[in-house]
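Each of the next two complexes has subunit A plus one other chain: subunit B in the first, subunit C in the second.
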Partner chain A sequence: MHGPFSASTELDQLLQHIVNALMLGGTYALLGIGLTLIFGIMRVVNFTHGELYAFGGYMIFFLTSAVGVNFYVALVAAMALGVVLGALIELVLLRPMRGADIDTTMLIMIGCWIVLQNTEQMMWGGVAKSIVSPLTTEPLTIGPVSVAWLRVFVFGIAALLIVGTYALIHRTKLGKAMRATFQDRDTAALMGVNVNAINTATFAIGSGLAAAAGALLGAVFVVTPTMGDLAALKAFAIVILGGLGSIKGATIGGFILAFVEELGAGYISSGYRDAMGFLLIIVVLLFKPTGLFARAERIG
Partner chain B sequence: MRRSLPFLWIAFLASVPLWLGDPYFLHVLITTGIFTIAAMSLNLLLGYTGQLSLGHVAFFGIGAYTSALTSLGFDVNIFGLRIVHEPWPVVIGFVMGIVVAGLCGYAIGKLSFKVRGAYFVIVTISFAEVTRLVALNWVELTQGPLALNNIPPFTVSFPGLGEHTLWGKVPNYYVMLVVAVLAYAVIARLVRSRIGRAMIALRENEPLATSVGIDVTRFLVLAAVVSAGIAGAAGGLYAHFVRIIDPDIFLFIYTVTMVIMVVTGGKGTLAGPIVGGLIFGILPVFLRAYASPVAQWIIYGVLMILIVFFLPRGIVPAVRAWWENRMGAAAVERTGAPIERAGADAHS
Partner chain C sequence: MRLTWMRTAVAAAGLALIAAGPAGYAQTIKIGVNEPLTGAVAASGNFVVNGAKIAADEINAKGGILGSKIELVIEDNKSNPTEAVAAAEKLIVRDKVPVMMGAWSSTYTLAVMPKLMEYKVPMLVETSSSDKITVSGNPYVFRIAPTSGMEATAFADRVGTMKIRKADFLVVNNDWGKGSADVFGKMLKDKGVAIGVIETMDASAQDLNAQLAKIRSSDADTLFVTTAVEQLTLVLKQVQALGLKRQIITTGGSQSPDQLIEQAGAAANGSYHLLFFPPWAPEATPNAAAAKSFVAEWRKRGYTFAGLTEGFRGYDGIHTIAAAITKAGKAEPEAIRAALWETQLTGLNGKIAFNKVGPSGKESGQSTAAVYVVKIDSGKVTLVR
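Moving on, here comes the complex of A and B:
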């Protein structure tokens, strides 16, 4: 702590934490955006979100190791399969329950979560699986900070997907219909928006984003059957931070959570890393229950 | 007849160890009973006030850890302040567990009832996760993942007969049964009183209830305190029966187990959690010959979805409706519909 040498290592450490937080924040934002879209448009508290995240991880593992597919193709395929699984869940479990209260659909989602998680455990066992990526293990070194190329790649893809989702919501006809449904479901239906189709599309897109986050982080860390539990809870934390239904809020919330976790783990206590987010939610809800970035709450 | 029915049930349950020879099955019944008590306490919040608290396992775990640590003793250092606690009798630990869990219920109730719906659900889950991580990381107090071992079993002392330590399953069964009956009596008394009617009014229509002068937060916090205290009692029973607890006791899956019990049996009915608790407590005994634990969970998940689809109000209200249909409307008029039925009917 004294002298120029240790001061610079302190700074280097901080920079390293910031780089790690950026990588983590990108994937957290994907998780959060998926969940907030589903809540905002469908008013479903989606407990399967974490399982779709785990599903993405398992799909990229399965495709690269057992089928022998190229890593990049497997990543795209994992996301596409997440979209398909999401659409199926919506069609089979949620569509028949339209109009049911929020607690009822929540219970169905919890049931579905249990089924998905245990099916993963049955198929691949409880042992953590690691994914081999084709990227060089030689880290990218910029000045004092070194970061694995895989993490740079993960951040790049996450950023691309975030921008893509923004474009989808704000620049396409589907996005316009989604925003209309978000604002007023009945009026949107009167204007000719097929609300059923919007629900399916929303759940599929949200699930695809979760699967993408799982595939990306699964490649950085490992894949386990219970990886979805903390991911789901963190996604809820992110969505609360940003305000339910706000995509911009979820993006910023994802990065805030990543920074709080990374800096908290680095400077306070690494054991409480995962608790940081929950403490953050409790604090936010106490002082600003509508989230940090929500304007007037549109969702009733 | 109607008044003596509960006593017949208690007599039946009390007779179980006399004719049930299988110690494994008795063990299952004790843990089933413990989780049923927890489910009954959750039902007070979920069924009567309509608040989906998904952090309920926190109170169960806090009760278990408080009771275990009070009876085991501990030696911790908090910011330079050394606190040494000598072991106390188990009964005092058990009461402490209830009190501490109740206090936590008060604090969490005060904080989280500022928000409703999805926000409330997430605050309660967050609370449970934080308690789990504290149990995992405060190794000095809780031994972290190494678990608290050798937790002493209950002791009872009768005047003139000296003190007895309850090592066996049969006495533990009776301890569980006494706590279960007391918990049931407290909940039944509460929901049939003015307070219970206020809670049901809140569940059905909060703005309307507020407009007739019901103090929403006060009743919700009261429900949270009672509910947390009873869950803490269940946790204490668990700690001194199983005699080893680790931070996994706080896992979200246990809250889900309680929710499944309540929803299957029928939320907002007194008998619901007991029916659901017995089904999901005893089902594993029959399933384990055919299905691995993982496959059992898949079956529970599917059952939960099917029940929400086809029996959204749960088994007890469905059976009651069927029975009353058979008996005819006149019989219902004569016996007088119990209060909780009125609530359950309006809630569909």
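Moving on, here comes the complex of A and C:
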């Protein structure tokens, strides 16, 4: 088995913590970039982000168990359904409220959050659901470090989605239109940008990313109606940490949060794992109120 | 004049309505049930309520108690201590229940306890196992669940046969988990077992890799885990993913081994679980006939088999309360409280009778309970005798 405590087991433990943090950071970053589009760029305080995350989890569960769809197909479908649900929320709830007070929008989003969560509860009950993945449950072991194959797969998909979103925002015409719209809506409209469509698209893409994160992590953990609550809280933390609206910031913020949580839990106190992350945010906001990577706000 | 007539008529109608309201319910004796039906530990709370309903239907089918049917007033405490207090207050003040059962987690029960003193309503504790509950000087608490201390004592005999030399702990960061680590740690030390690391996890935490990585670098042979079935599923899966090889023993009785097999799959193999009701072997329990018919009724209602290890708590709880009300001769809080001290019955777990514990003059009631050990092997549960 394992020898007594020694320098080498200490090192093994550190390596394992680092690998764990990397795996976790990938999904945190995915959660963060979805919200940074909506909260950071659109400036909608999106309380439904966690519910879209739970929705993704329930969709992959429903499609694989009840409908019998292949796991990988279900993953893509869950994300697509997240995009559709996001578009619906934007069209039905947010579009009529454009120009309304931020408090009004916030209240609507809180209402939507409660309705979504209770619908999940009503349809699937409060008991956690488990998703069966086709990947082997035998871990991938490299020297002293072990990691589940599913986590590696999840990390890969998360990385793909993060790079894809970055390219979409910074390298495509749609991305340019998005950035233009949320920088100056009127000017963008005058330049021929269909700002209504851009709003819907941005919200839908952000929602799709949340659903993807939920589907991926739902397979790693379990799916419950309240799974989105902590996820949403962490997503907000990551976005604020990284700086509003910055894809790069949300990605790095996600990894920083994962490392602080993992090493804090490993070497300080595991019971206060979630507190460590928020402590870090308080420190960052004290010294850099705009977050780590946001450019200075342009006013007017 | 006409106006007066109308007023009288309205007033009369109003009075009739008021009179009809309570009269419609006067036929039933209410029992409050305060359980987590949603949230982190929802699975367990729902199972307890299923068991409670079977008991209530059984009692009502035999004509009820004191000539009335019993009515369960069920409130969801949302896996949250604040909501548990609100649910208790609602049950006492609005529904006017003379007695309650609840509140599953030690943390919720401890939160509710001051309300019992405030309103002088007794509560039967069916699941919570923190030692704190019965030693705080609350004379309205009657517990049928064993304390973690009783569980540890019952397990002491097996430490030798299971060849435990050094043990680590991974427990949920609340009164139940930490209390359990304390008393099991003490018992193991008395038996000459070394204690390695004691790790905690937040009740809603999903990623437990940090704790497990730390546990992996300890040279213990056994890992004691205390948490609800939802988190236990995650622990077992992540133990497997880390390639951690340990003898795993879970405590607390809320593990539902069948649910573990279903959700954690092969990761559950080889683990041991301390439970208070073995539905796989009802014939091995003190009240075999009742156990068999309970299991049969549970299946008939289409409840998941995995829930039986938790559901029996609700069944035993409601039967104990009903026996106390019958003994009291009236459905009033003080009378029921007094009667609980004299109540004796054989439940699904074993003999139920309350001993006085805690500061003298304001003792709480604590019943002793039987503890069973089961093992999961290639997807099957066996009773370790």
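A few notes on this one:
Heads up, the rule we're going with is that the second predicted complex is superposed on the first by the 292 of 300 C-alpha atoms of A that agree within 3 Å, B and C clash if a C-alpha of one lies under 4 Å from a C-alpha of the other, contacts with A are read in each partner's own complex, and residues count from 1 in each chain.
By our rule, a contact is a pair of C-beta atoms (placed from the backbone, for glycine too) under 8 Å apart; a residue touches a chain by one contact, two chains touch by 3 or more.
Note that the structure is a prediction, hence the values are computed from the model and not measured.
After alignment on the shared subunit A, the placement of subunit B and subunit C results in a clash. Look at A:T137: by the touch rule set out above, it reaches subunit C but stays clear of subunit B. When the shared chain is aligned, no partner comes close enough to touch A:N194: not subunit B, not subunit C. Legend: residue contacts after superposition of the two complexes on their common chain; A:E10 is shown touching subunit C, with no touch to subunit B. When both complexes are overlaid on chain A, the residue A:I240 reaches subunit B alone and has no touch with subunit C.
In the superposition on chain A, contact of A:Q121 is made with both subunit B and subunit C.
In the overlay built on the shared chain, the residue A:V147 is in contact with subunit C alone; subunit B does not reach it.
Judged by the touch definition given at the top, the superposed model places A:G271 against both subunit B and subunit C. Residue contacts after overlaying the shared chain place A:N70 against neither subunit B nor subunit C. With both structures placed on the common chain, the touch criterion links A:L286 to subunit B but leaves subunit C unconnected.
The superposed model shows subunit C running into subunit B at a single listed stretch; among 76-84, 274-282 or 346-354 it is 76-84. Comparing which residues of subunit A touch subunit B with which touch subunit C, the overlap comprises 121, 269, 271, 274.
If you check the complex, the residues on subunit C that touch subunit A are 37-40, 42-43, 45-46, 79, 173, 199-202, 204-207, 209-211, 213-214, 216-219, 221, 230, 233-234, 237-238, 240-243, 245, 262-267. Of all residues in subunit B, only 50, 52, 111-112, 114-115, 117-119, 121-123, 125-127, 129-130, 133-134, 136-137, 252-253, 256, 259, 263, 292, 294-295, 297-298, 300-305, 308-309, 312 touch subunit A in the complex they form. Residues 1-5, 9-10, 12-13, 16-17, 20, 23-24, 121, 125-128, 130, 132, 137, 139, 141, 146-148, 150-151, 217, 221-222, 224-227, 230, 261-263, 265-266, 269-271, 273-274 of subunit A are the ones that touch subunit C when the two sit in their complex. Here subunit A touches subunit B in the complex through residues 39, 45, 93, 96-97, 100, 102-104, 106-108, 110-115, 117-119, 121-122, 229, 233, 236-237, 240, 244, 269, 271-272, 274-275, 278-279, 281-282, 285-286, 289, going by the rule given at the top.
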